[in-house]
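Input: structures, listed below.
What follows is a pair of complexes built around chain A, which joins chain B in one and chain C in the other.
Coming up: the complex of A and B.
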């Protein structure tokens, strides 16, 4: 187990390094960072002065070296958009909002997917099963940003039940987390269903039924434990996907001041240094969650050999 | 007299061969069914898949003949007719069936023209990412050893990248355009093809017929292209269709965020973003382009689930064997 964790951490560091280098190369070499930072109407002299001031005229290896050096000292660089603020400070403000959204959304998705998937699996081919399969397929086909806007039109504009944007009360959280939850719930319900159908057809389930065990116990105690392993994998993938920036769509639609919206603002305000920090933080989060899932996976299923 | 005789003999020959085919297939009901039913017949059997394919054909026709199909030019503005509701609502008119946007442009015409971008981006990305991914997977699986470890190590690392964020940054830096969207989405999506290809190559590489081909002296290129690649067709065709659906959604999301297709081009995602500012009064601006995206992606998904069964020899076997037993029971 120890060796496995060490290897995964080394792999994770490689990912973080790869992401950082990619952002560096893309912003410093593919594009002109000064062109990105300054408005179009800036003169040539202004550009060169700014290039020198921000250090973009140095060789890229030097720039990368001093960036890594600053990171090691805990200096993530100052924001260009919010002058004088550390970029990490801005990220630190946005991150809890994203966590709140992801937690509410994915919890809701799990609460929807588990019972629906299990019910459908106990009676495959029946009305509930067919309804679930159809809605899931539909849910996979609907663009998330559009789903959010339609919810706003129905519940915010027409019915006036819920606020359409921003944060504050629990009511503000309802529409964004439902928008985040529905596609994930569709994917997970399908996974619960197919995984449970597989388990319910196995011999040990037939044995348990044959000896007269109540079906609630058979399904809930035996089949669910084995059937939940692929579901756990998918749930972990959903968490990673949400943290890896896919909340940017929901956050933009609902004007939710999380990390995704901050990333979009950093792009619009041409704040290169803030973007760098956001990508770095996201990469670290993705790597950490990945390792945690691998550990959890092995804890739930002792059949998996620790390699 | 000579001509009719020829015709007669030709017909007899045809009938003879039909008779022969029937004799051959007698007693093998599922092969007979498979032989009699063409691809269209198979598609017709799966009603959902058939509907999906029919809708996709409709979208394709709309995309190719957009200027002929659309009632108006997608960019024709008319301030006096701005924000008209759809025809069936109060104040709507049949000259703008789905209403007009904030500049008086016809929503239906814009939806029809928007299909072009979705299809072009989808097909290009699948072709680019698929070609590169399959190539990498073939090299990785066939060469093995250090090459395999390097390529798969690279794939594993890139899969863990926050792809959407990097895509947004690249698009912001190089400037958003259709070409940039295609390249960015292809860079983000090739890994899955490489993984699947490598898996199939590994399972096929040790089979006797591949070894035989190597022993008789086929060059690696020929072994890979003629003996290994055909085994991939089933897995890859389904994957490509599913990826096509994913790419349409991704393009729409990027355009919605303002980092994809740029005006004056029309894209469904772009139109939804545009309609967002008028969401409190004009619901139709957001609704119809979104329905277009959802229906197209749904159609592609339906075709994919049909293809998954049809393209896989094992699934086919199950299905037609089941059909044959059912037929025998009824008969």
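Coming up: the complex of A and C.
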């Protein structure tokens, strides 16, 4: 296990380095942020001077050298968009908001998907199962921006129960996390259902039932444990997906100041420095979550060889 | 045995995750206190304003950003202000400046004004504000250099009198002093004032929670009397639909850039003839548009009235062929829009031998109100006039490259020109004067007129020169002038406010019931 973790961390560092270089080169090939920073009416001379001040007139290799040098000193660079703020401070503000949204959304998704999926699996083909399958399909096919807007109109504008946008109280969290949760719940409920049906048809389940074990115990302990491996894979994928930017739609619709919205703003304003830091942080998170999932596999099923 | 250990492991993990989530959720509850909009010090009710973008800084001298101005215009003041109709008026100065010589302007300062930290306002603060700006320009640390590059210094005559000097005769100086925010002398050497804004304005800075809100409270000691609205919370909502939803649900009292099609849904709305002028720049030096007849034909070919009605829902006026709004000094009353005359357009085009020839329009999408639709509509009209029109809608970054690259620019490029300081020089030197970033002609007479007007300090004489320059460009049809948009605001029922031509959101001019 220890050697495995060390190796995965080393691989992860390579991935992060590769991503950093790629983003650095690509953002600088796309164009020059100075034209966004200065007003449209600025003169050519003003633009040239600012380009020089920001170092964009230097060869890209030199620019990358200074960037890595600064990173080594823990300096992630200042944002072009939020003038004078360290890009790490901006990411530091946004990240907890995204964590909050992802945690609430995926917890809700899990709480919906597990019982519904298991219930459906215990009576495959019956009315309840068909209803759940249909609902799940609906949940996973609804476009998120549409769902978000409908929820805003119904619960924010018409009923006035919940705020339409922004953060602040637990009430602000409800609509965005429901919007994030429903499609994920749909996907996971389908997965729980199919993998539970597989397990429930296996010999050991029949044996357990035959020896008179209560079915709650059979389903909840034996079958669920084995059936949860594919679900765990999917859940991990949902977490990675959400952290790596899938929340961007929800964040935009609800004006949720998380990492996704910050990334959109950075792109719109061509804030290369902020974008670099965001990508770096996301890459690190994805690597870490992947390693955690591999470890979790082992915990659930010790037979899995992770070395 | 292994089964038992790993199960315990799983339980511990799940518990840890749940605890972490609870911790995050609880941490969030602390925010709610800061979010509440308590009544300000004057006891008046508080309001909430939804802006389209978060300020990039709260330093009033470094960025050129509408979000920043929306806040700073209430916290800081300037020597001169403008009336809601756009006329220059006294601010922290008691009157318009006196000219001492060609390059020196003298301002008399208001007595009894205090900064929010309690310090008295005087000549030293004005000197500090001018000198800090000059230093920021020299160090390339400000985006406002275009407004203030003519300033050379400021001198205290006595505590209530200041002289400001320029590098040459500068007719724009009074307008510049409507734009230069006055900071306290204690802030002169600070690189960034974003963290604790301190001005003389009717509202005091309370807090800035990045990504969430900014709040201000009424300044009870304001020299012009405490404002009626007790406090303001600003939210930053980029999506127009989300802004509207918040207005409808009663969360906001004022939203900016209400879409024309949403006006009927808003509880209340207000419009004012703004400074935004979408226009097509024609290349007067090269290609098919080199011929003045073609340029005129392209103007005659477009039915501007129909654009106003169908594209902007009536919330615009036809541009009178000059890119300037009537509220700006130098606006030429005598110019009339090029009338819609499809037959005349066709005629001129065939006279010029241009019938059936290709012409390209470059535009962008999603940056300005109906930018793409406008270009497509114009292309339709030009096609009808007998040209082979190609439209090229570019992503904004590529579009800017095209706009800024004078030599490679297409026959015609769309831009929406705005004028923040309400002075003709900015738009004319950018778009009319040869060498300007958005200029497409090499007319030396026109260029000389614009330079001369800039250097003329007599207001009437300046207006006359601009009138002449505008007429010259009109006859030459260097642009296809289209419309002048109205700024549309959505308001809650309880808010009373009349919008200003300079688009400033001055909360002291609002009241709430």
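Just so it is clear, the second predicted complex is superposed on the first by the 291 of 307 C-alpha atoms of A that agree within 3 Å, B and C clash if a C-alpha of one lies under 4 Å from a C-alpha of the other, contacts with A are read in each partner's own complex, and residues count from 1 in each chain.
The rule is simple: a contact is a pair of C-beta atoms (placed from the backbone, for glycine too) under 8 Å apart; a residue touches a chain by one contact, two chains touch by 3 or more.
All values derive from a computational prediction rather than experimental measurement.
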First, second, both or neither for A:252, with chain B first and chain C second: both
First, second, both or neither for A:302, with chain B first and chain C second: second
Touched partner set for A:287, first chain B, second chain C, both or neither: first
Touching partner for A:66 - first (chain B), second (chain C), both, neither: neither
Partner chain(s) touched by A:11 [first = chain B, second = chain C, both, neither]: first
Chain B versus chain C as contact partner of A:157, first or second or both or neither: both
Partner chain(s) touched by A:215 [first = chain B, second = chain C, both, neither]: neither
Chain B versus chain C as contact partner of A:201, first or second or both or neither: neither
Which superposed partner A:149 touches (first chain B, second chain C, both, neither): both
Of chain B and chain C, the chain that contacts the larger number of chain A residues: C
Intersection of the chain A residues that touch chain B with those that touch chain C: 30-31, 36, 149, 152-153, 157, 252-253
Complex contact set, residues of chain A against chain C: 30-31, 35-44, 46-47, 49-50, 52-53, 81-85, 90, 93-94, 96-97, 99-100, 103-104, 107, 149, 152-153, 156-157, 160, 163-170, 173, 252-255, 257, 261-262, 265, 270, 296, 298-300, 302
Residues of chain B that touch chain A when the two form their complex: 156-158, 160-166, 168-170, 172-174, 245, 249, 252-253, 256-257, 259, 269, 272, 275-276, 279-280, 283, 286-287, 290, 293-295, 297-298, 301-302
In the complex, chain C residues that touch chain A: 2-3, 6, 9-10, 13, 17-18, 20-21, 24-25, 27-29, 31-32, 35, 54, 56-57, 59, 62-64, 140-141, 143, 145-146, 191-192, 194, 210-213, 235-239, 241-242, 245-246, 248-251, 397-398, 400-401, 404, 415, 417-418, 426-427, 430, 436-438
Complex interface listing, chain A residues touching chain B: 11-12, 14-15, 18-19, 22-23, 26-27, 30-31, 36, 137-138, 140-146, 149-150, 152-153, 157, 244-246, 248-249, 252-253, 263-264, 267, 275, 278-279, 282-283, 286-287, 290
